[in-house]
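Below: one structure, written as structure tokens.
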Amino acid sequence: MGPLLFWILSAVAVGSALATIVQRSPLSSALTLTLCLVAVAGLFATLSADFLFVIQLLVYAGAVMVLVIYVIMLLNLGDRELKPLGLSRPRTFVSGLVGILLLALLARAQAGAAGISMGDVPDGFGGVRSIAGTLFTSYLYPFEIVSVLLMAALVGVVVLAMKRF
Amino acid sequence: MMIGVKKIGKPMDIKERSYLFEIARGMMTSIRHFIRNVLNQGAMPTLQYPEEKRVLPERFRGRHRLMQREDGTPRCVACFCCQTACPADCISIEATERDDEGEKVAARFDINILRCVFCGLCVEACPCDAIRMDTGMYELADTNRENLIYDLNTLLRH
Amino acid sequence: MATTEKTEVKFSEARKQEIERIRGRYETPRGLIMPLLWMIQDDYGWISYDAMELIAGECETSPAWVYSIATFYTMFELEKPIRYHLQVCNTLSCGLCGSESILAHLEDRLGIQAGESTEDGRFRLTAVECLASCGTGPMMQMNDEYYESLTTEKVDAMLEEWNCD
Amino acid sequence: MPAELFMPFVMVLVAALLPLQLLPAMIWAERKVSAFIQDRTGPNRADILGIRLGGVIHSIADVVKLIAKEDMTPSKVNSFYYSLGPFLALFISLIPFSIIPLADTLKIGGAAIPLRAVTLDVGILFILAITSFHVYAVVFAGWASNNSFSLLGGLRSAAQMVSYELGLGLSLVGMIMVAQTLDLNEIVRQQGGTIFGILPAWNVFLQPLGFLIFVVSIFAETNRNPFDLPEGESEIIGFHVEYSSMRFAFFFMGEYIAIIGGSAVVATLFLGGWQVPFFDTEMLRENAMLAARIAFGSTAALCVLLSIILMAYDKKLQALYTDKRRFEARVLLGIVVTLGAGAVGGLLFLPTLSSLGEQIVTAIVQNTFLVGKILLFCFFFIWVRWTLPRFRYDQLMNLGWKTLIPLALLNIFLTGVALVLFDRGA
Amino acid sequence: MIEETKVLTSRIHKKDSHTLESYREDGGYEAAAMALAMDPDEVTAIVKDSGLRGRGGAGFPTGLKWTFLPKDRDFTYLCVNADESEPGTFKDRVILDLDPHLMIEGTVISCHALKSEHAFIYIRGEFCRPYRRLVAAVQEAYEAGILGDNVLGTGRKLDITIHKGAGAYICGEETALLNSIEGLRGQPRIKPPFPTNHGLFGRSTVINNVETLANVPVILKEGAEVYRSRGTEKSPGTRLFSVSGHVERPGVYELEHGVSFKDMLNDICGGVKGGRALKAVVPGGSSVPVLTAEESMKLQMDFESCQECGTMLGSAGVIVMDETTDMVWALDKLTHFYAHESCGQCTPCREGTGWVAELVHLINQGRAKSADFDKLIDLGTQICGNTICVFSDAVFMPVMSYTTKFRSEFESKLIDSAPVHEKVGA
Amino acid sequence: MAKITINGVEQAVEDGLYLIEAARRCGVDIPHYCYHPGLPVEGNCRMCSVEVEGIPKLQTACTTIVQDGMVVITDSEKVVGERSDVMEFLLRNHPIDCPICDQAGECGLQDYYMEHGLHDSRITVSEKVKKKKRVDLGPNVVLDSERCILCTRCVRFCKDVVGTEELVIKNRSNHAEITTFPGKGLVNPYALNTVDICPVGALTSRKFRFQCRVWYMKNATSICPGCERGCNIWIDHHENKIQRLRPRLNPDVNNYWMCDEGRLDFHWINDDRVLRAEGPDGLMRPDEADRAVLALLSNPGDVLIVASPRSTNESLFALKRFVEVALPGAALTGGSFRPTGDDDGFLRLPDKNPNSRGMREIGIAGDLENRLNGSAGVVLVFENDLLGDRPDLESVLAGKKVVAFTSNRTATARGADLVVPVTTYAELNGSFTNHAGLRQEFRSAIRPPGDSRSVFDVVKSLSGLLGKELGWESETALTKEMTDVITGWGVRVEEETELHAG
Amino acid sequence: MAPTEQYLLVSAALFVIGCVGVLSRRNLLVVLMSIELMLNAANLTFATFARASGLIDGQIVVFFVIAVAAAEAAVGLAIVVALFRKKETVNLDRFTMLHQ
């Protein structure tokens, strides 16, 4: 069941990611991206990262993408905005080229990882307890710093969103 | 702001501002009703309508009827007062002369109940007490518009 | 009011002469109406519609006009007269002298109400207004004759006499 | 072990069917309770062969009506998202049931069979995560309808749900701190026993503030009065203004299932879940026979009571109606009598239970208590709805951001202090 | 003890007094012959000097009336008003019946004075014997050359036409009389123009009462001085009083003007019938205000005194009512008469008289309320004064005087006898 | 001129006027029933009593002739009280059957009651004198004796205006009634005027009786098309249906009166109208009809256009111009075969066409008969019922293409090849020129039914199709040119005089 | 369990797609989403290696990245809104001036 799940999730992830960048409507992009993120969450789950799976869903799918969609609707872009924002031929070509090159490069790079097997992990690996254990010990300071970052982002967003800036 | 909000009333104290107690009071009120009604359904004012019917107040304005004289002829003299008074323009009359005595009578008297607003002005206007709304009939639904234009005979028969 | 019975109405020769005699007395032909009505009434006892038309012809006016005049005055008989027309004065002076009891007595005796005729058509009883015989009240007029200072006994006697007639 | 193989499927089925079964009851209860609160009789007309069941048939009639109704799709909608909205609304609201423990874990031959569809040790977070997906349904429906009113309604409710998710999550932190786990079954299990010997050790008593914030937030999350601004059918027009027939029904059902789900979560997290007060699982298993007897006995007693009521009702019906509705009480009486007879029979011929049987009886009893708690809380939902008036939008936002979140933070702080004081920290 | 002053009535008790032969025996037509020898204006002057006042009711000086004729008139009519219809008055009938030539002589003299060649005698239709006698008398006069183309041999022309009325009280009104002669409905004409300018057939016309004309020969025979010596200064001459009602000896009595009513009642008429007490007196025909017993005791029978007493001498038809008389009943009789006799031309009179009669009748029958009584009094004032002729006043005066002077009798007959002065429904 | 002071305002009025008339001219309305300016005065209703300085009793304004220096008060308490009293008397025996009375809404009693009465009733019904409720006075007039207030206007009308003395009063006192001689009816040809002048609902028109409540009706000024007299009338209409015609005061033409014949001659406007153009192939739209007509006009020399003396001046003038401008060569003739009547010396005149003189003055030849017998193969008949008036013409018209421009389904229309609906005078602004040469304008009363168009519109459309300009855009322009061209037809300012109906 | 490289390949694919999205699309919102995509690809790599190595630290990094990404998304979207308010467009090519 494991490989099948992986392949399904991978296919969904890659497919929806592709859909995200090719679709004209930003809302569709956002939706497919959400799908992609959910699929990635699923991949996390297959990687014994239960906590990340939930966090991915909660934060990305549940919050960030909602925010994106919210903004899309708030802006309520008309056809006028959507038309010229589609793919333009030369740029697509160039970026496609870059993409292929990059993919080749990355494929080449990950070949280095070939053969790294996924051994058994202890029960509770990737669970809340294990994450928390590490997070609140070794990574306590980064964790606190992240909270500062979030606070800063919060303030920044409020400032930006105010009528006059 | 185009709309200003004027605050009225006394300032609320902390207990009120927490709303919790007020909410609890409200909740108690509604549950009191609930329990009372569950335990004693008969006490509810609801009527089981088609089977039970409300006793209509005396002056309830139901469907119109035309009054008859003792000899069975309509009391209506086709004076057009009701038609003139009707704000909904739902009455239409055609007058004619009665052969024997030369009295004015209605040859046609239609009430378009679809238009009627049951205001009772026609009854007020009638000088002959020929039209009344005391039938207490309020179940006037029909599946056909034509059936809701009542003619002289219908109105005479009640 | 009018009886339907047809009567041939015409002026006699003597009447015609009389009419010619008085015609000059009235400056307008209309003036003849009352004299002619009287003549008809004297001759026939009553005035029929035919008579009115006859008079209208004489007076150069419309029958309707004659009709109007004839109905204005109470003395013109527009119905076939009856044998004894008893007219009891019922105005104040005679009333003071007891005309009401005389009238009541007559009603009693004849079995009719004032304004009615007896079934055999011989008597009609009418209560009329002042006949200018106030000093000798109560009084009554039978056809042309005045009967004054009446008492019930007198009335009885008169009725007796007329009944035998 | 075959049980291990098929139990997840069974549990998925149960988890899906439980809310769907409760749904008509919920709708019926909503109508009936609202009616009683407002001194009305409520629905009691629709009948099948004269059987009305006090208006339950109306729910069936509603279904028939909604299915049979013409599905009006406005011409200029974005049809994909338009269809997606109601689907998501229903689907997502069903998911939380998958991780609600319906009863304590069965132990069959050494294998533990959890009585829930999905076993996740991050259960609470999963619920929060899934709940956050509900926004999509609202947002898509509002946007796709291509109607300014529904768009605004969608945005409004998205903002509301996102806002209250914070309070929802934060209110749980204190409880989690106490429980020291995210696993729902574990949390439920911890709620066995008593505090001071009298109160059941439910989290509602340990975390009253957290409970309060959670309940308020769950009301807001489910778009329920007094936070029903997303809909506001008559006044401010919600996101589903363009929906009709079954599509609308999906939203409707989604909302009610969300309510049931919310009730289930509240019951699980704060009201002891499947815990029977004062009786933990072991005790129940030991006294399974007694429990079964009590169950049968009480059922029989209930049936007798119902029979008496129904007989009186029958008399009333005979006086009132001349048609087939007179039939109802007699049929019901028959059913009740049969049921009572069955219960008496069960009481008399109850066999001695095996270990498995004991476990099953225990599970049934525990599940009954869970469902009871859910229903009770559903009733509370209804009760609140027909008591409190709606918030204004600014009040709603102020409450969420300026009251509930600080309070939740305060709750976390207080909980922490308490934990340190009572030395229960990690 | 007073006695009659028989001037006009000196002959009436003679046998065949109505014949020309009898009249001639008593010096008939001497005055006419004398007058015809005089200039018409001289005759007028004599009549004027005599102070003769009209006997019809208004008491207008006859001589003065004659002088109102326009000088440039081409034709003049004299109309003799023998349409005596006033209830309580029957003096003209006596003259017409018993001494028609007296009147004819008066007519001849008057016509001479007025330069009239045609006189109409409008005789009441009910007067059958008087009519016959009058016709006969006129015939005699024609035959005797008194009338015709050569009046008394003077070469003057005079025709007398007897026009018989047919039962209409209103034709006693002078213009109605003219209309009646002209063959129109006997309705009064609008004045102006007055008959002296525009009368019968559009000619100048003088209308005089029978009694007035009967006085004319007497005046000429005796001279104005002698005539004036009788009666009072302003009301010279004798008067034919028609006494009726509750007296011992009713009848027509010729007395001098100014005689006290008390004397007349006691000395001439033998007092109240049966020795009962006097209650009310109508001194001048039914149309004049009634007097109570006390008032009547002070009354002198002449125009001025009557006026002072608040009544009128009118046609000198004295109706005496004793204590047994029901005044409501009496008024009922009168109003009934007036309602019957209204010509129906003017609205107030046509509708008002009938209304008054009904109201009085209602009161008399004891079916009226005080509101009806108030209405009656209102109606009295409403009718009066706004009609073409004075008929309305003739109704008004009795109604007002009866209701004022005998108010208590009226009030005692009302259903709600306590006087209610507020108008019901007003 | 006499100077009189009415209610404190001094004004100069003509000598010899009755006070009521003088007051009216000074703008003071004195209520009245029996007075009617077209009738001799009688002074019996007593409603017009006014105070005249120096005379203690109230004087009836309708019988008092103004004198220089007269001071009159018409609104003093005494006068108003008197009016109220008279109202009360009038209502004494008047039945309260306003609901079924056709006069309700234009009733003198109602109007003056609201103005001068308004007292509460002190009459109980049982006291009223009962009279006959329906007396058929003749073919057209019905009398309700109870309603009659005996103002005798009708009696005087019959006696002094028509001279037939058919109506009289019988009986006296409050039993007096209006009546005809028993067995005879009110049969004079002007009888319905008595209905007009009746201030109450005693006399009603048999034809109008119960047809329409007067408050529903709107009215328009018009001219009777019944004969050459051109009586001025009001058209009273409701729901686009003419309900009745009433005479309109014009002292020069008809005074207050009109004949019954003309008065009742309006049903043809309501009924049996041609609503759509009809050809041999069935119904047509107006534009199709115009093209069908056009197709017949290809050879103008073969065309005869028949105008009618029943058409308005404007229609006739438009036709004439049409022939001159758009269809030169076509023959235009006019005339009517309507049977003539008698001149009764009052209003009715022999020629039953309202605009014969107008047609002559516009210059349309009257040689109709000759022309019809001529060779023209296409005959356009405008508003003229040739066949109806002269059935023998059928043979003459048999071989010709006949286009009937008609408002009604006349015999001519039935025999025509093409029928085009046109308006009647009631739907048109226009004018007739009466026998005396007086051009009288009238206004449209109702909307044209169906596709009916005025002759002006038809002719304009036809000339447009022919590519010719007639020279005016609107009917106003047409009227202006017509009155400029024809001598003596200058615009006449109509005096808006309308006396109170009561 | 799928081998590590497969996960890495998926991760690479996602990253490239995100990269191409950033490069090719001119819609500011899509660009932002593409960045999220790239971040996710990185996360996936971290998670994969954490799993492969059996060390939890990788997941901790992912946790931080998610937190940072959330902050980034919030700020980014706020900027988008602000820009849109100013220019009435979300076309990147229109934003040519730093402050206007």
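Order of writing sets the labels: A, B, C, D, E, F and G. Residues in every chain begin at 1.
We adopt the following convention: a contact is a pair of C-beta atoms (placed from the backbone, for glycine too) under 8 Å apart; a residue touches a chain by one contact, two chains touch by 3 or more.
All values derive from a computational prediction rather than experimental measurement.
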Longest centre-to-centre distance from chain D, chain (CA-based): E
Chains linked by the largest number of contacting C-beta pairs: A-G
Where chain D and chain E are represented by their mean Cα positions, the distance between them in whole Å: 114
Centroid spacing, where centroids are CA-atom means, of chain C and chain F in whole angstrom: 49
Whole-Å separation of chain centres (CA-atom averages), chain A against chain B: 65
Between chain G and chain B, distance of the C-alpha-averaged centres to the nearest whole Å: 67
Shared interface positions of chain A, touching two or more other chains: 51, 55, 63, 67, 74
Numbers and ranges of chain E residues touching at least 2 other chains: 168, 185, 340-341, 343
Interface hub residues of chain G, defined as touching at least two other chains: none
Chains touching one another, given as label pairs in label order: A-D, A-G, B-D, B-F, C-E, C-F, E-F
Chain E-facing residues of chain C, complex: 22, 25-35, 37-38, 59, 61, 68-69, 72-76, 90-93, 95-97, 129-137, 141, 144-146
Chain A to chain G touching residues, read off their complex: 2-3, 6-7, 10, 13-14, 17-18, 20-21, 26, 29-30, 33, 36-37, 40, 43-44, 46-49, 51-52, 55-56, 59-60, 63-64, 67-68, 71-72, 74-75, 77, 81, 84-85, 87-88, 91-92, 94-96, 98-99, 102-103, 106-107, 109-111, 113-119, 121-122, 125-126, 130-131, 133-135, 138-139, 142-143, 146, 149-150, 152-154, 156-157, 160-161, 165
Residues of chain F that touch chain E when the two form their complex: 41-47, 49, 57-58, 60, 63, 82, 85-86, 88-90, 92-93, 119-122, 127, 129, 149-150, 169, 171-176
Interfacial residue positions of chain E with respect to chain F in the complex: 168, 170, 185, 190, 339-348, 350-355, 358, 371, 375, 382, 385-388, 423-426
Chain E - residues contacting chain C, complex: 84-90, 92-93, 118, 124-129, 159, 161, 163-169, 180-186, 200-201, 203, 242-246, 250-252, 282, 286, 317, 319-321, 325, 329-330, 333-334, 336-337, 340-341, 343
